[in-house]
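Look for chain A in each of the two complexes below; its partner is chain B in the first and chain C in the second.
After this line comes the complex of A and B, so read on.
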């Protein structure tokens, strides 16, 4: 599982999987009934589908890579077979001798090279297979609004919570790091040396901010106050 | 929001993944296990001798080459065309019109409002805000109906729910101008500009 952090680190697409994958659609509808609020997407027709599409990866990048790969291979094979059909000398390799080399395979190629080649090809295959099979959650959450459907990147939530924690703890920006993963918000605070810091107060402030935000799926909040303080902050 | 064919993407990338994985595992086994090599030479040799026999029987009359090569070239062209078509489907779905309706009044004709109206109005309304690093508005077509996507990049530390409420108030003002409730998606996103730009300290 990757995380989106509020301080300088680049955020990645969150790829979490497992039983707790309470997605946008069904869980959101249930929460709407419980709180009596407007549904996600302000009830507009087709919005549930749009929200599902916004919070899940489209695999466009993997598809484009796959298509380009197949096109390149096919163009090579096309050139060879066309050259062969009109009886010209081969471009890179004659298809018949290539087939004979493949049939004779463990011979003719160093085993180490063959094994490494196979491992690379298998890794590429695993990449495509996993990107097709995994649920592909993006690190995004839904917010309620009476007019529009609202989708927020986890990184934005992390930045807002970090700002709130920084104000509550009365420390500088560099002393707070907030990590938002799919089910949990982790607030890391390094106190200023010699200045007492109330973890409960910071936690309460972050919880209050998160309650006002009411993102779905809603994460748990944990706080971690470093034992070593920062000098001169 | 766009109409990328997601199920097709999953099926085709999954197929390619299974193929490549099987090929890779076969190569590793060929390199590592001698018994697999014996089986492979036997099996692949049989397949290849059948194919080369076929190539011999399908020669052009009076020439050396088989016409199967032409068939293979045509098949490969078809595959390449299909791949290009698949590639062209990614990220499709932008629309030009925000509203197109028959005018019920006395003047014959219809009313069309371009997506540029909403895009430029919202972008101009969001342009002066100090808490935003950028904003883009685009019109998409969802199942034949136009919809707006507003993507705002707040500076780091801006509370997303307050920002969403303010943007949706702008959208409601736009509703009053256009006279039609278009489905709207507000995407509050982060990017390089919000990550590395100065934080919004006072609000």
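After this line comes the complex of A and C, so read on.
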């Protein structure tokens, strides 16, 4: 389900929903309403900030880890330098032999340990790099409102669209599946055997619903009607 | 989600969902086949499958035939019941397809008939 790989951190790629949950009133139930979170006097800028925080994932944990790592390294370097400056024996390892060890690295270390260490360091580096570079969008959208800031999970939008598509296609809940990813809404419909359905009508209905919602950012709608139908549904 | 009047009107027009169960479709098909082949509906077995979004019906049923002694006595009896078994099965396909489509509203693409036996019908002339 992760066809939007650029959409950010793990687990936040895309959300999908069958129409099943739409009938049970999920539409709107999961909407995270951020109204009233703004401190008094925060104004439009404060609201924008809150909305940005709601729709983007936090980098606080990654940056805290990175900061702690840098602090530990710096403290070690400081200690070793100080200890050497006053002519005392090194605390853990003196800077010169540490540098020599690093330069002569492939020698003297078992290759397995070396490989594992390299893999761990590479994974950590990739984690930090990706969390820094990727935009970190969460699977949420804004519904513009004059009075309140409304943030809606993509699942809720998918449920609402699935419900609309189901009504337009006149099929059961199990025959519709809607996937909402960052840039695209994919509507999968399996028609009932013997009852041809018009993909254009369903597409128009879904577009109309999406336009009425006007989420930002607004995704493109695509429809996929299965060739095989469901008997007796 | 949308509170617009247009969407509300649409919803009112399209409220609810009707479905015809496989069981009901099968009963309709068995009745139509029984009628077309001249046998009671409970002797007909009907199975549905999907044919590229349309319904495909396959039937297994006996067919009513006049007794051989009656045919010997008056050979025009065969033409009276609609020709050979093959011809009648071919004709029954179109008839069943039309009837089931008209009754259920679902579009059938094909009807396969397998004649599993002959039900000898004594008594009066057929039709």
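Here is the rule we go by: the second predicted complex is superposed on the first by the 136 of 233 C-alpha atoms of A that agree within 3 Å, B and C clash if a C-alpha of one lies under 4 Å from a C-alpha of the other, contacts with A are read in each partner's own complex, and residues count from 1 in each chain.
In this text, contacts are C-beta pairs under 8 Å (C-beta built on N, C-alpha and C of every residue); 3 or more make two chains touch, one makes a residue touch a chain.
Remember, it's a predicted structure, so these values are computed and weren't measured experimentally.
**Student:** Return first, second, both or neither, reflecting whether A:162 touches chain B, chain C, both chains, or no partner chain.
**Tutor:** In the superposed model, A:162 contacts chain B only, not chain C.
**Student:** By the touch definition at the top of the document, which applies to A:174: first (chain B), second (chain C), both, or neither?
**Tutor:** neither
**Student:** Looking at A:224, would you say it contacts chain B, chain C, both, or neither? Reply first, second, both or neither.
**Tutor:** The answer is neither, since A:224 touches no partner chain.
**Student:** Which holds for A:232: it touches chain B only (first), chain C only (second), both, or neither?
**Tutor:** A:232: touches chain C, not chain B.
**Student:** Contacts for A:194 in the overlay, against chain B (first) and chain C (second): which applies, first, second, both or neither?
**Tutor:** In the superposed model, A:194 contacts chain C only, not chain B.
**Student:** As a test of reading the superposition: which chain, chain B or chain C, is in touch with more residues of chain A?
**Tutor:** B
**Student:** Which holds for A:209: it touches chain B only (first), chain C only (second), both, or neither?
**Tutor:** both
**Student:** According to the stated criteria, A:99 is in contact with first (chain B), second (chain C), both, or neither; which is it?
**Tutor:** So A:99 only meets chain B here.
**Student:** Please report the chain A residues shared by its interface with chain B and its interface with chain C.
**Tutor:** Shared contact residues on chain A (touching chain B in one complex, chain C in the other): 156-157, 160, 209, 212-213.
**Student:** Considering only the defined contacts, which chain C positions touch chain A in the complex?
**Tutor:** Touching chain A: residues 1-2, 4, 6-7, 10-11, 14, 17-25, 48-55, 104-108 of chain C.
**Student:** Using the touch definition up top, name the residues of chain A that touch chain B in the complex.
**Tutor:** Chain A residues touching chain B: 4, 6, 8, 10-11, 41, 44-47, 49-51, 53-54, 56, 58-60, 62-64, 66-71, 74-75, 77-78, 81-82, 84-87, 96, 99-100, 102-107, 111-112, 114-115, 117-133, 143, 145-153, 155-157, 159-160, 162-163, 173, 209, 212-214.
**Student:** Can you list the chain A residues touching chain C in their complex?
**Tutor:** 27-28, 156-157, 160, 166-168, 170-172, 191-196, 205, 208-209, 212-213, 227-233
**Student:** Which residues of chain B touch chain A once you look at their complex with the stated criterion?
**Tutor:** Going by the criterion above, the answer is residues 1-2, 4, 6, 9-14, 16-32, 34, 37, 40-41, 44-45, 48, 51-52, 55, 63-65, 67, 69-70, 72-73, 76-77, 79-80, 83-84, 86-87, 90-91, 142-143, 145, 147, 150, 154, 156-161, 164-165, 167-169, 171-172, 175, 181, 183-190, 194-196, 199.
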